[in-house]
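Below are two complexes that have subunit A in common, paired first with subunit B and then with subunit C.
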Partner chain A sequence: MIPERSASFARQQHRFFAFCVAPSLAALALITLLPALYLLATSFTQLSLTRPETQWDFSQPLESYRQLLSDSRLHNSVWVQVKLSFWTVLLQLLIGLLLALLLNMRTRLIEALRTVFLIPMVLPPIVVAIIWKVIYTPDISPMHGIFRALGWNVPALITDPDWALTSIIIADTWEWFPFTMLMVLAALQMMPQELLDAAKVDGASPWQLTRHITLPFIRGVLLVAGLFRLIDSIKAFPLIFILTDGGPGSLTEVTNYYSYLQAFNFSYLGFSSAITVALLAATIVLSWVIVRAVGWGTKID
Partner chain B sequence: MTGPNRRAVLRGGAAAASLASGALTAPALLAQTKSPYAGTTINASCFQTTFFEYLKNYFPQFEEKTGIKVAFSMQAFPVYNQRTDLELSTKGSALDVVNATFIYTGRWIGAGWLTNLDTFTKDPKMTPADWAPEDFVAGTQSAMQNAKGETFAFSWEGGAMIQAAARYDLIEKAGLAMPTTFDELIKVCDATHGKEGVAAFTADKLHHWNWIPYLMGMGGGVFRAPPENLTPTLNTPQAAQSGEWYANLLMKYGPDGLLSYSDDQAMRSQMSGRANIRTQSITWMVPLAKHAESTVQKTVRYGLMPAGPAGNFSGCNSHGLGIPAGSKKKEAAWEFIKWALSKETLAMVVKDHGYPSVCRLSVINSPEFKNVLTLNGQDVASLYLEVLKLGGKTGYMKYRTVPVYPQVGDKINKAIERIATKQQAAPEALKQAQAEAIQDLQKAGIKVDT
Partner chain C sequence: MQSLALVLVLLALAPFLWLLLMSFKTNAEIFRFPPRLLFDATLANYAALWTSEFRNSFVNSLVVSVASTVLSLLIGVPAAYALSRWTTRGGGAITLWILASRMAPPIAFTIPYFLVYRHLELLDTWTGLIVIYLTFNLSLVIWMMRPFYDQLPRSLEEAAWIDGATMWQGFYRIILPLSGPGLAATAILCFLFAWNDFFFALILTRTEAMTAPVAVVNFMNYEGWEWGRIAAGGTMIMLPVLVFSFVVRRYLVHGLTGGALKG
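Showing the complex of A and B:
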């Protein structure tokens, strides 16, 4: 009798949970799933806002995807995206990690510095872009002013083909290294002191402590931070929109910016949707591969 | 006989006061109740521009006259175009009056997204005869009409491309004059570049507007025969020669970072005396002589855009006010357009603010306009009118009103940037632009010659 009553109670509990969660799931489906399905459906049309007859025209469902293969500017944008993502994620992880290790020391000065380092991350992205626009515009830039005073002839970085992408990487790294720093710092502060003490007793040097204790401990956090930054780097937009417009030429034109141009400047919503769907699929696959390759962290004995 | 007591006097006074106040407020109330639009609010939108900044000062007059309240919003140029393009495409009713942007007029009119305004102008009940639609300069109105000659917007701004030398004194010192040909322009730039720290030339990054007069001046063009034949002609020897020449003009004589300059940045580079010559719409040039922050008020001089071996093809465009097809308050919207672009309102904006780009002939030919646009003793009003007429005469600006110009313009911008930064030689860059433009045109369902 008792197990039956218990099973019935569990079923009731299940139903109650489902009842409670249902409105949230319905809202979520409405807000995220429907637009995603619409995006997918649109990608199978050649919808152009200036040609209303193309809406819901599925006569050539794979035409937009076929065009993806023959669009050299899109291919270039993918390569630009790869370079931007690689360098920004790498630099943000390295700088964030180094600063977190430094800031993990408990002194008053360092505690004050923590707050200062967080400023770039909490600024609205458009403000960050404007700050860097000022820095990169020679006429009004304090940086260029200093260079001139030192007698160095430094070209305008955002219009120089050798520097345009680097200037975006620098600005993006400045904006987002605090995110990695914050996550690593939180992990470091949860690290049991006994682990370090035990290693010290065994005669471990500071480098050995970092290499064999600290880094394995925060590996999972670094992976999560890296994944977040990777996904965010694929969404890079305000810096490119304000600083370079994808130029000079297409040197800083990443894939999502190209997709935006297709949709909002040229009204090719079908083609733009196909780019977005492909980008989304690539992001999911890439994240899965990284998680599988690196793992979620290691337990330390 | 007993005189009036205090209570009676007070009562009489109150009655008289209420009568008087009633009489005073009556005309306004009557006017408001007479208007069929009293209590209506219309939503209007345009890109950021001085004209509507000025016009907003007079909105209370319009609201008092018609009872229509105007909710007017302005955004940056690209933002406005994107939002409005999207709004018009859905045939929504969020906007009642929109700016018909020159490069989008072909698309918006062709797709049936704007209201035919002839229904209003031809109805004497809606439009009095003295409003005179024919008073608008023909050149500025051509973009606002379809092939049948029906009108979908009335122009409020004529963008006539002229030349301004912010530091004409440097040119004089070099023993030269305002350049009238491309060769003279290079000669002047060579002689003055870097003098007193001033760059000889400046421009903004909208190359698909700025470069085209130089392209046409060297015998090239954007399309084969717009609007009928939209086959791009960017891979011609003339285009390559002109692309190389223009990129050199920008990079050799422009200030550092010029390729990222917005309209405003380019204007500021002249106003602060850091750059000398620019060829652009008059709207960006007049502030050099008039703006309080301009340091070149005394040294600026104006001229027609230099001519190339094939002639003078000064850029000429216009922006107009129209009514979205989906608006539910079309008549109230027309009341606003009628008022905003009436001779009286435009004359007021010119007189009070010195606005230089109006499109009504009667205003342009008025002594006030001449007075406002006589800058450093130069009759800039005549230059303005000359360019507008030039644009209307041969129709060479038709390339810009075709529905696919935004796509092709983007390819031109990218190509000029690639040439200027030496990523590609001019023939290759423009060959690539040609191929990309064809691919885009085919995507838009447009047939091109093969």
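Showing the complex of A and C:
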């Protein structure tokens, strides 16, 4: 660089970079930080749209949080959430992993198929919900048509207490297995070929190769993919909104959905804010785990 | 092995193909089982959509998605460049902030925005949606573009500075054109995320600014079960998405995970 001007140059550079970053930081503060604080403030009130005087009433700041502890419908929603998250993440990782291992070949057809497999993931969530509404509506469903042809008497799954949550899990797994598949495939393609070749020379079977070399290599990616899916599963909304509306009863009512009902069906925005603050805290903790797992904070390229 | 993969693809995509076919069927055909392989395809469902309110909501979706994309690029791209070149101490904190705001459940933003928009009279407006879409698109731009700039050697703009270019010129004339492919991919992803949104539009719009995904759902609730039209509406919403996703398929993982994975 230019030595004699370097001091003033460094200052000039500093100022330019600050000028570039400032609008984004200001915008992010305005559109994400401020609303988050507003949400937190609302959670300390009993705000209900039907009673406007509750808007800035902080006389019982922890009342909403006290309700969190005693509301059994909320506790049920957390349990539903745990079941939904557990099964969808598990199934997506398994199916994604198996497909990635199957599709890890460099032929023209396979590469084309890989792209086609991505379709469920890129579809607008509302379209995914419509697709599954069709599948789960006996009158027009090809699936129910086949069941009838086989002489099986299958109830409408989304209104059946035994099947409602399972039907959501199936639809959600369908939507997101390509994500884990894609991540595993990307990792597989970075696997050092020498490692595999060496093991083959030593007479390792395909199963041994997978078990002792491939799986350990992609363990990290599986972890990260699982974490991303876990965070996303907390936001599950369109599928539940369209397919079951939280029902039957509250069997498919996840916490996010319950919070939505409290806020925009029952108008209890204060209580809903408290639920949402708890959800947000969970999200931030999980994001932090991701940042640590990936090592972003320390990344220097 | 390849034929197994082919069968799996067909199986996996059957639900999607079914909806596609349904959009070309008459009501009588939709309820027929077993379905006829060769049916008389009709465009009536699409024609019915085009003369209904759906057309307005389609335009709303288009306007809001494009505007939010352009705005996020304008604000976010210089920041991505600066953050790539500038080694700041708060880097880790900014990354966490960006990731967390992207990962936050939409309802966390919806409640405060809803309350504030009621007073600012921004409910059911284009502006209201464009602003709330920035919450995810601005972060997306910064973390999509930063790795692109990391890949471009600093010597590029340093050479321009030695030749007397200003910092701004170095960025605008040299760096920006070189990051063209990244910009295109980022723009498309921004558009898709805004286009795909359902929750924000469901809460923050009523009639005037209603977007296409919400309009399709309204077919279900208010106009009886017009399956043909629902399928046609769904198909129209997913069409631009499929085309664009194909174009940016290489960047999809990155866009969704923020480069948690290299390659």
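By definition in this document, the second predicted complex is superposed on the first by the 262 of 301 C-alpha atoms of A that agree within 3 Å, B and C clash if a C-alpha of one lies under 4 Å from a C-alpha of the other, contacts with A are read in each partner's own complex, and residues count from 1 in each chain.
Methods note: a contact is a pair of C-beta atoms (placed from the backbone, for glycine too) under 8 Å apart; a residue touches a chain by one contact, two chains touch by 3 or more.
These numbers were taken from a predicted model, which means no experiment stands behind them.
In the superposed pair of complexes, A:F264 makes contact with subunit B and with subunit C alike. In the overlay built on the shared chain, the residue A:C20 is in contact with subunit C alone; subunit B does not reach it. When the two structures are aligned on the shared chain, A:D139 is found in touch with subunit B and with subunit C.
A simple residue count on subunit A separates subunit B from subunit C, and the partner touching more is C.
Contact with subunit C, but none with subunit B, is seen for A:V116 once the two complexes are overlaid on the shared chain. Contact with subunit C, but none with subunit B, is seen for A:M183 once the two complexes are overlaid on the shared chain. Residues 139, 264 of subunit A contact both subunit B in one complex and subunit C in the other. Every residue of subunit B that touches subunit A in the complex is listed here, in rising order: 78, 82, 85-86, 89, 107, 110-111, 205, 255-260, 265, 269, 274, 403, 406-407, 410, 413-414, 417-418, 420-424, 436, 439-440, 443-445. Within the complex formed with subunit A, the subunit C residues making contact are 1-2, 4-6, 8-9, 12-16, 18-19, 22, 30-31, 33-35, 75-76, 78-79, 81-83, 85-86, 91-92, 95-101, 103-116, 131-132, 134-135, 138-139, 142, 147, 150, 158, 162, 167-168, 171, 192, 195-196, 198-199, 202-203, 213, 216-217, 220, 227, 230-231, 234, 237-238, 241-242, 245-246, 249, 252-253, 256-257, 260-263.
In the complex of the two chains, the subunit A residues touching subunit B come out as 46, 48-52, 67, 70-73, 136-139, 155-156, 158-161, 243-245, 247-251, 261, 264-268, 271.
Subunit A makes touch with subunit C in their complex at residues 1-2, 12-14, 16-21, 23-25, 27-28, 31-36, 38-39, 42, 99, 102-103, 105, 107, 109-110, 113, 115-127, 130-135, 139-140, 142, 145, 148-149, 174, 179, 182-183, 186-187, 189-190, 221, 224, 228, 231-232, 234-235, 237-238, 241-242, 256, 259-260, 263-264, 269, 272-273, 276-277, 279-280, 283-284, 286-288, 290-291, 294, 296-298, 301.
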